[in-house]
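The following blocks contain the structures, represented as structure tokens.
Common to both upcoming complexes is subunit A, partnered first by subunit B, then by subunit C.
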Partner chain A sequence: MEYAILLAQAALNGLVIGAMYVLMAVGFTLTFGIMRVVNFAHGEFYMLGAFTAFFTYVYWDIPFVLCLLIAAVTIGVLGALVERALIQPFRGDETSAMIATLAISVIIQNSAIVIWGPTPRQMPDIVQGTLLLGPFSFPWSRLLVIAAAALIFAAFWLFMQATRIGRAMRAVAQDKEAALIQGIRINTIYPLAFGLSVALAALAGALMGPVFSVSPFVGLTPMLKAFVVVILGGLGSIPGAVVGGLLLGLIESFTATMFGSLVADILQLLLVILILLVRPAGLLGQREV
Partner chain B sequence: MRKLSKIAIVSCALSLSLPAVSAETLKLGVLATLSGSGTAWGIAMQGAAELAAEDVNSRGGLEVAGKKYTVEITAYDDRYKAADALTAVNRLIFDDQIKFIVGPLGSAPALAVLPVSTENKVITMTLAFTPKALSPDFPYSFRPVIPTDVFSDPQVKWVVDKLGAKRIGTLYPNDESGQQVSIANEAAYNKVGATFVAKEPFERERVDFVPLLTRVLAQKIDAFELDGNAPQTAGLLVKQLRELGFKGPIIRTGGDATPDILQIAGKEAAENIYVHQAVDPASPVMKEYTRRFEAKYKVPMNAFSPFFYANIQALFSAMKQAGTVTDTDKVRETMLGMSNFATVLGKVNWTGEAQWKSNQQLDAPFYVAVLKDGAPQIVARCNPTECK
Partner chain C sequence: MLETSSPALPKLERSQTAESRNLRQGAVIAVLLAVAIGVPQFATNQFYLHLANMILLNAIFAMSLGLIMSVGQISLGHAAFVAAGAYISALAALDFKLPPLLGILLAGLVTGFSAALLGKVLLRLRGVYFVLVTFLAGQVFTLIALNWESVTHGANGIVGIPAISLFGFPLGTRLRFYYFALGLFVLVFAFVWALMRSQYGRAFRSIAENLRLAEASGIDVSRYQVIAFSLGSSIAGATGAVMVHYVRFLSPDSFTFTDSIAYITILVVGGRHALIGCLLGSLFMTPLPEALRGLVGTQHILYGVILLGMLLFLPEGLVSIGRLFSRGSSRGTR
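Our next item is the complex of A and B:
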């Protein structure tokens, strides 16, 4: 029974962390799938999302759903502008574009330190209390993250499948030239895809703000994890990001619960090396031709 | 005759134009953690220095050997890291020509800084709990705060007797500062028949403790020890422990983190927590100091602050008596010679000879408090041998 409690607790925590990784990795892999750019600034947009939610929730005192919406829209628009101004000039030159995103990351993080200071801020809980199911206890604040992440991902999936822009994005990801011939405007699709991608990161940041804390440095770990997730799931594959994100969250939680945090870190990285050796394209990725 | 009258006029003019004592500047350095999870302690130290400077300057400056000195504070952030602390101490000593430093803060930074400050005869006032911070090798190192290896024995004995707790769980940061406190606490618990049945190290940057706490709680612990974790971390630990359904007592045998615990975990989660309480918050002098601090810094005052203020009070008094602001040997000797010196903490003395062969530990009473309705209530008064 005690073992069951331990496993249930580890599973829940794994799903919470996994849900955050999914949102991060889906955006990350979207940018790569469509634009062939590895966005090193992805973690900074997560941080900006967390700060936007923090300020709107604490100072404006508005419902948290609105805070999420504001974070997604403002950071999404900012992302689209950044793409237009700083990444578009390097189209076709993937290495320079990657270096540009690295520069954007440093600029955003240092500006955040200058403006908001380096001290972590505590965001009040959105929901309080714990769901008690027999011997199991699940904090509502963490259940909320899973539910919200699932809804956000469902909306994103629907957008990609059912709307013209979503279909156009998928077409560009599959074959840029063919999409051009069909009359898809790449110059419109790229900033939109980038904006959508960083809006997902911002939503992840906004959701995790109340669970942990908010500071200019919070984006680093999720960014590194997003890397691991897309390697696990396959670079450019959205189903791969979902499977990889949940898998990594669960592995991380179970190993830390069973063996402690130091062993957990070792096991995770061993897994990544193993996957790279056995399936270099990732679990659901396709080998580049 | 004409020459004489000229001299008389010039000396008259001089005596009119110059004040009775000339104005000079006395620089005091602050070397502490001003960003990241140890910030609450760093601000406490910086605040003590700035308030002490404000007090002296508002009276026209510190008068030493016929000169009035305006006190100026220069503060640097060490980010709780030894390498950054070393850079900062070199800047303070060589660029800013400072002879008196409030700091260093953490144990790892202290071990990096003390050889340099000692070599340059710079007086330091550290918060580091490591036993290595006071030693005959570091004759200029003073410690105004009471460290774990002084308060852990009496406090742990009192708390364990009261709660009857035998199985203790803990998490500690995996570095010199974290390990030192954890070792002292484990020894104190073992002495009174309780054991750490679950203890886990973690990297200082960690914010999600749920997997580790789940692991600790699986060991059926009677109480959780917050150890010397930084204030922010202590707050997150309490929050996440209570979210996991742990209702048992939580013990804080480490530096003051009460304001952060209350802010992060909330009043309700912070019930049934036994904390080391450095000062009596009900004393009128302390109330006034707290009010001033909080009005100026807009954050809850950390209880370490008045200890540094008391040490600076002793330092200023020693400078006056010794008649110098540059000869640190004389200032040190004069400060060590002071007994029953009246400070913001009440009357204080120096101790530590038996424990560290260095009599440079500030001696003041301390307390055990329990958190109730969002405030610490003192439940025991302690000295290094017992709490009651």
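Our next item is the complex of A and C:
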């Protein structure tokens, strides 16, 4: 029985971090699919989202939903501006664009250290109490993260499927030239896509703020995991990011429960290398042309 | 197999300018070397000597990364090979009393060999996938170095690493080490220079320029990529070992992802497509944190700003400043 409780706990934790990985990886893979840019600053936008949620929630004392909204909008707009000013000049030059995002990441992280200091801050739980199901107990705060992430992803999916801009983004991802011929304005789609992508990262950060702590360094691990997820799922593939994210969260949680987190991290890398050997474009990805 | 018959006229013209260019380049190199050998004799400030040593070492790290980038692959885990070389030589010296010079050789061999094995697997990935996997591999290396305490001493680090001794002549002082580092730099520079002018260099460049075309022309892309990757990693490992016998302290924080970015920054700032760019980039970027010591915290921000600014406004690096003045005669090493 105790073993079952342990497993249930691990499954819940796996779903929580898996939900966060999904949000991170979907945004990351979106930028790559549409713009062919690997965004090494993705984790820093996660960190900015966490800080935005922290300050608005703790100091303004407003409902957490509003905090999420504020984080998504401000960081999304910031991301669109960053794309327009600093990434657009490197269109068509993947290498330079990637190095530019490395530089942006360095700038954002160190600015955060200068402004907010390196000490981690604890954020209060959004909801208290636990859900009791027979012998199993699940904290509501964890369940909230899973539900919120599912809602956010559903909204994102609807946006991509049903709106004109979402369709335009998918068109650009499929074939840039053909999209251009159809009259889609790449110069508005790119900043929008980048803004949307980092807004998802900011939401992930805001959601995880109460679960982990908030500091200028929190962005690195989620970004690392997003890399693993997109390699598993295939760069540019959104379904791949969802499947890969949940899978990675669960695998990580179970291996960490059984063997400790170091072994979990090393196992992950081996898994990635193994999958890349068998399917170089990821589990659900398509071959690069 | 790569030879293409170029028209007669441009060829003639080129050989004439090439001769005068070679002469001038030779003179410049001779003067630079004379300065590099002479000046430290009069340097009384130990700190400047230390900076000079770090400039040389960083330039070598950048050259070794540039070698890997010359086949069109960017490694974000380069610091892991530097660290691996440093650990091998430091532990061999402390645990097995291996002389540092042999340790450095061992470090170069082991890192080169493991890079060849790893490269066989990882280099099947192209472009972005390779970048991401090398990034992950670098992170895992840091994790292992931190947690495998029985061997690496974990976060406490390793102290008391002996200095290099050349035939019983210890390189304990900064001045002595400077000449060793200078010799190493010249050696690596000459090696990479010659390599890039050989059949290998031509193959590397053709792969970087157009992988599919190179493949279609019968160039064994993966073989050349593995060669470049293991040579670059081997130089990085050996130089990491050299550095650890100079700094004489090693911890998992000594070489991390930040250093991998620093090597890329040096390459970009100096000029990605010219070998001398590594030295220029290192000359500029290595002393920079020291110059900005008063601005704690903001120095890293400035680091990022400089990297971004170079990419935006001077994408060919500091090297291209010189080229702006002497246009025509030097189409560079591209």
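The criterion applied here is as follows: the second predicted complex is superposed on the first by the 289 of 289 C-alpha atoms of A that agree within 3 Å, B and C clash if a C-alpha of one lies under 4 Å from a C-alpha of the other, contacts with A are read in each partner's own complex, and residues count from 1 in each chain.
Please note the rule applied: a contact is a pair of C-beta atoms (placed from the backbone, for glycine too) under 8 Å apart; a residue touches a chain by one contact, two chains touch by 3 or more.
Note that the structure is predicted; figures quoted are calculated from it, not measured.
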| item | value |
| --- | --- |
| First (subunit B), second (subunit C), both or neither touched by A:Phe32 | second |
| Which superposed partner A:Gln9 touches (first subunit B, second subunit C, both, neither) | first |
| First, second, both or neither for A:Ile104, with subunit B first and subunit C second | second |
| Touched partner set for A:Glu252, first subunit B, second subunit C, both or neither | first |
| Which superposed partner A:Leu262 touches (first subunit B, second subunit C, both, neither) | both |
| Touching partner for A:Ala206 - first (subunit B), second (subunit C), both, neither | neither |
| Contacts of A:Leu68 with subunit B and subunit C, given as first, second, both or neither | neither |
| Subunit B versus subunit C as contact partner of A:Pro120, first or second or both or neither | first |
| Doubly contacted subunit A residues - partners subunit C and subunit B | 262 |
| Subunit B residues within the subunit A interface of the complex | 35-37, 39, 174, 200-203, 205-208, 210-212, 214-215, 218, 232, 235-236, 243-245, 263-264, 266 |
| Sites on subunit A touched by subunit C in the complex | 32, 38, 86, 89-90, 94-96, 98-100, 102-107, 110-111, 113-114, 224, 227-228, 230-231, 235, 262, 265-266, 269, 272-273, 276-277, 280, 288 |
| Contact footprint of subunit B on subunit A as seen in their complex | 2, 5-6, 9-10, 13, 17, 117-120, 122, 125, 128, 130, 132, 137, 139, 141-142, 211-213, 217, 221, 252-253, 256-258, 260-262, 264 |
| Parts of subunit C lying in touch with subunit A, wherever the complex brings them together | 74, 121-122, 124-129, 131-133, 135-137, 139-140, 143-144, 147, 261, 264, 268, 297-298, 300-301, 303-305, 307-308, 311-312, 315 |
